[in-house]
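The same chain A turns up in both complexes below, where it pairs with chain B and then with chain C.
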Partner chain A sequence: MGITYEDLSGADFARLETVGESWMKLYQVLEEQAAELIGIKDKDDAAFGIDNWDGQSGEAARERLRDIVFGIDERSAAARRVSVAITVAVEEFIAAQAELNDIIGGIDPARATLTATGSLIPNTATGTENIYYAEGLSSRIAAVLEQATQADDDLKAAIGTWAETFSESERLAMISQASDEAEELQELLDSGATPEQINDWWNGLSESERLGILEGNPALIASVDGIPTDTRDAANRSLLETQLNRYSPTLDSDIADLEAQLAEMEANGERYDYSGNLSVPMNSPEYAALSAQLEELKAERDDRDALTNLQDAIAGPASTGQEHYLLHFDTEDDGGAIVSIGNPDTATNTGIFVPGTYSALDNFGDLGGALGRADAMADDAKTFGVPGEETAMIAWLDYDSPQSASPLEAFEGDSWDLSKLAPEAGDGKAAEDGAQTLNQFINGLDATHRDGGANTTIAGHSYGGLLVGEAAQDPNTGADQLIGIAAPGFGVDRADELAIDEENVWATMAEGDAIAFPAGESVIHGNDPTGENFGSNVFTSTPSGASGGEIHGGYWDDENAARKNMALIITGQPSKVDQASE
Partner chain B sequence: MLRAQTQASHSKGTIPCPDPPLAMAAVCDLSADLLAAQGFTVGDFSISADQVRAGVELLFSASEAIYNAMNSLASDTGGLEGSAEAAAFAGIAECIQASQIWESEYIALHRLDIEDAAMSAAVSAESSEEVDTYVSSMFDQYADSYFPDGRNAPAPERPAPNPSVVMPRDGESVAM
Partner chain C sequence: MDNGGEVETPPEREFDQSTAWSRMEEAVAEAIDGVPDFPGFEERRLLELACTHNGAVDEEYTKLELTYVFSAEDSETNLVREEYVELLRSRWVEAGYDVHRDESYGKDPIFHEVEATRPDGINYWLVAANYVSLKVQSGCVKKASSDECPPPLGNVPPDNDLAGRQNCARNYDEPAEETK
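The block that comes next holds the complex of A and B.
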């Protein structure tokens, strides 16, 4: 049943608005308390940290707090979404009511009479054209009521989904009603639609349809550029939880059992089969089968642990108090993830950090991993940014990061891994491929940004610097600024070969950095971005570490000058950057 | 801080006490049972009771803060109940239902989890300290039971002087 004239004209939405604000307060409290609970367990010297509570009981307590934090984190996001849904509905209801009042206020009583139920009776005594006049007004009123009904349906769907008040049958009905739209989206994706086209199409759906797709096909939208950040986050978190639940609860003990079984076979002399050619010992078929099974289970365990680490890393708010948004994850090869600290759809500035060699899903959430560094950059953007402006900082690992940087790595103690003799980091292919994906991602952010796009900076460390350089060569890159942190090169010989203005191209290389020599000699990936003739703006950084390798990874250490400089660039204050003297 | 090393022979769920006499063992097992009932097991164990108590207080205050925010939401939503808007707008009626379910189920469960964890931690902190106090009080009572035939060597002096001065050597006897 739709909203009637009487419903809308007499409604007071002030109380609903207050309820929306209360949901937002609940969200804030849940978010704050999730952060408090993380603080109790996360550091070694925290109240429930290992320094204060060691042993299995302490471990169990921390594990239990972890589960509690996940629950509260999920609930807080739901409360925020409920609040937003109510706020949007109130705006739409009030707009519809205002339009209705406008129509009513404009009725000429000499031509038509408005009844208590909103019907219009034409005054035919003064002319038959009044019939058309009344019909015109009636259709306008009907359209307004339709608009209010749609807003009401959307509110119901949003509350039912986020607050989990829907019964299973209501949920399935919502999914079913969006099945045609899900197919349409699949067709759009297959046709190679741009992020902007995807976003236009998405915005044309009703909220119920959008939620139906999210609930029924989260995998369809989880990593699609052009789908709003908050929706992608919900889809990815749902998929992450589903994937983690798929792992067998006995995985660890299954591995231990297999290992014990294999050890027993070895001890009993059952490992080798000598019946083959020339009696050369080969693993017996049973041993080989069990070994293969063990390797599969270990790979599964590695994936599970990497995903668990990711889930841990994005639980609760970031150190800045901003929310984490999970925009992508995968476990293919070395795995990858995209996590934003703060919502890039509403932020004034967006920084995208691309990590370099050896990046993988299993180190993504570590302190020195992509997310740890993005977290430090978000913190710096908050400290040094323009008051009142928000910066979203994104850790972006959606490319096949090289896993070897030196031929020396090919020697594994007693054998050679020939695939590493030519180090992956010397090959620019991964950066070229990744650059296209990155630009598509940036175009997606521009499409989903509520004001048409943020001030966007792409910052790459080491091999990630090459990737952002490759991205900046594309005239369609949506990036406004480029930063290379200890980048071996941008894939070009001069800054003016990039599609970003030279004045917005930045680079730094700390003295003693291990990569300074090959970069300085311009032997790989184009000329040295910090070189005199390259044409970029070079900013200062502090050599932080005792060796070239440590310095190479030390740009995010406390007090490193690079941190403030990067924050100033990302937050649009280039004039304050401390530039290195020639 | 109470610190006790687990021995391999200790069974899961038992606080490892150093060769406890029966009375002490009973206390240790009791504490372990309490912990096990809360889902905790004990291995290499050390606990700083004051720190854990501080954590427990934070947990309870988190629960209280969440309660207050939920209470405020429930109270504000109460204003919509029975209203014309709630009767006419299905979405508004859903908001009322949401507040009720969150108050009575979802948030209640989160608070229960938090407070349950807090209580378990409190039991851990307090019982560990009780065990520590109890064990130390038992020394006088049980120390002699390890020498049923009486000592034949003098108790070491404290603070110990240079060991080389007091250790028996070259046929000296320390029997008194």
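The block that comes next holds the complex of A and C.
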């Protein structure tokens, strides 16, 4: 049933607004409860810590507590979304009510009379023209009521979804009603639609349709550029939870059993089969099959652990108080993820940090990984940022990061890996491919930004610097500024070969960095971006560490000048950056 | 910074992670003790950073960075962005701390940064940017169990105590004496 004239004209939305605030309070309380529970298990000497509760039962208790924390985290995110949905609905209701009042206030009583139910009775004493007048007003009132009804339906769908007030049949009905739209989206994607086209299409849907797609088919939208950040986050979190639930709860013990079986076979002399040609010992078929099974399970365990680490890393807000938004994850090859600290759809500035060699899903959420560094950059942006302006900082690992940087790595460890004789970091292909993905991602952010786009900076470390340089060569890049942090090159010899204005091209290389090369010399990935003739703005950084390798990874150390300079660039204050050439 | 690769682990510290946060709070209390017309802080944050060593993250060590921020309004005042900077700089010099960075740059407004390290390795970083922040950095400390949760100083409103909200759900340790 739709909203009636009486409903809208007499409504007081202050109560609904208060309800929205209560949901926001609930969100905050749940966030704090989750933090408290994390404290109970995470420290060794905490109540549920390993010092106080060792062994299998302690492990099980900590595992259970972890599930509870994520349950609470999910509820707190849902409470936040309900609160936002109510706030949006209140704004729409108030706007509709104001429009209704405008229409009513403009009625000429000599030409038509408004009834208590919102009908208009034309005054026909002077002719028929007032009939058209009354009909015009009636259709305007109907349109306003339709607008309020849509807002009401959207709110109902949002509450039904996030507060889980929908019955299963209502939920399925919502999903079913959005099935045509899901198909339309698939067709759009298949046709190669741009992020802007995707976003236009998405904005044309009702909230119920959007939620129907999200509930019924999160995989369809999770990594699609042009889908709003908040929705992508919900879709990815849902998929992450589903994927983690798919792993067998006995995975660890299955691996231990197989290892024991193989060890027993080895001890009993059952490993080898000598029946082949020339009696050359070969692994017996049974041993080989079990070994293969073991490797598969170990790979599965690695994926599970990497995803669990990712889920842990994005639980609750960042140190800046900003929310984490999960925009993509995958376990293909070395895996990857995209996480934003703060919402890039509403931020004034967006920084996108691209990590370099050795990046993988399993180190993504570590303190020294992509997300840990983005966290520090978000904190710095808050320290040096402009009041009233928010900076969203994104850790972006959606490319096939090189896993070797030196030929010497071929001879490390117990067995030589001769494939590393030609280190992956020497090949620019991964950067070229990744650059296209990055530019598509930026175009998506431009499309979903609520004010037409943020001041976007792409910042790459090491091989990630090459990737952002490749991205900046594309005339259609949506990036406004470029930062290379110890970049081996931008893939060009001069800054004026990039599509970003030279004044917005920045680079730094600390003295003693392991990959520093003679200034200006052209190496495999183009000239040194910090070289005298390259044409970029070179900013200072501190050699932080005792060796070239340590300095190369030390740009996020607490006293490194690079941190401040990057923050000033990202927050749009280039005149305050400490430039090396000055 | 090149030490010839002789140092294999971060230098020994007189404290580890188990007491790092409260030690850093004590450093803030020392800094703001008796500061004239102190308006209070608006926000408290706590950031954990990686401790890198020989080019790799050292899993046995960590770093903490505690940040107290003045409100935007207070940060604009001459008292906070000029006089406090001068006062703290003098205090740190007088205390014999190693004032290893002291610079002013830019305009509208001019930014100031002063850094000083105490003998225990705790580093102060006073930043007068658009906001004025007092940061205290632990440097690399050995990881250790810690359930400490010192209450915020300087009348930080509970909702803005991000460090307390995120790390201990505001279940603070015994209240420390507030420094006015």
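Methods note: the second predicted complex is superposed on the first by the 529 of 582 C-alpha atoms of A that agree within 3 Å, B and C clash if a C-alpha of one lies under 4 Å from a C-alpha of the other, contacts with A are read in each partner's own complex, and residues count from 1 in each chain.
Convention: a residue touches a chain if its C-beta (ideal position, glycine included) is under 8 Å from a C-beta of that chain, and two chains touch if they have at least 3 such contacts.
Small disclaimer: the values here were computed from a predicted structure and weren't measured.
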Touching partner for A:Glu300 - first (chain B), second (chain C), both, neither: neither
First, second, both or neither for A:Ile72, with chain B first and chain C second: first
Touched partner set for A:His552, first chain B, second chain C, both or neither: second
Partner chain in contact with A:Thr320 - chain B first, chain C second, else both or neither: second
Which of chain B and chain C A:Asp273 touches, first, second, both or neither: neither
Chain B versus chain C as contact partner of A:Pro387, first or second or both or neither: second
Contacts of A:Gln33 with chain B and chain C, given as first, second, both or neither: both
Chain B versus chain C as contact partner of A:Gly160, first or second or both or neither: first
On chain A, positions contacted by chain B and by chain C: 28, 32-33, 36, 39, 46, 51
Interfacial residue positions of chain A with respect to chain C in the complex: 28, 31-33, 35-36, 39, 43-46, 49, 51, 316-317, 319-321, 366-368, 372, 375-376, 379, 382-388, 512, 514, 543-554, 556-559, 564, 573, 575-576, 578
Contact set on chain B toward chain A in their complex: 1, 6, 12, 35, 39-48, 51-52, 54-55, 58-59, 62, 65-66, 68-70, 72-73, 76-77, 79-80, 83-85, 88-95, 97-99, 101-102, 106-107, 110, 113-114, 117, 120-121, 124
Partner chain A, residues of chain C touching it in the complex: 1-3, 5, 7, 45-50, 52-57, 62-63, 65, 67, 69, 72, 75, 105-106, 111, 113, 115, 123, 125, 127, 129-131, 133, 135, 137, 139, 145-147, 159, 162-163, 165-171
Contacting residues of chain A [partner chain B, same complex]: 3-4, 7, 10-13, 15-16, 18-19, 21-23, 25-26, 28-30, 32-33, 36-37, 39-40, 46-48, 51-61, 64-65, 67-68, 71-72, 75, 82, 86, 89, 93, 151-156, 158-160, 163-165
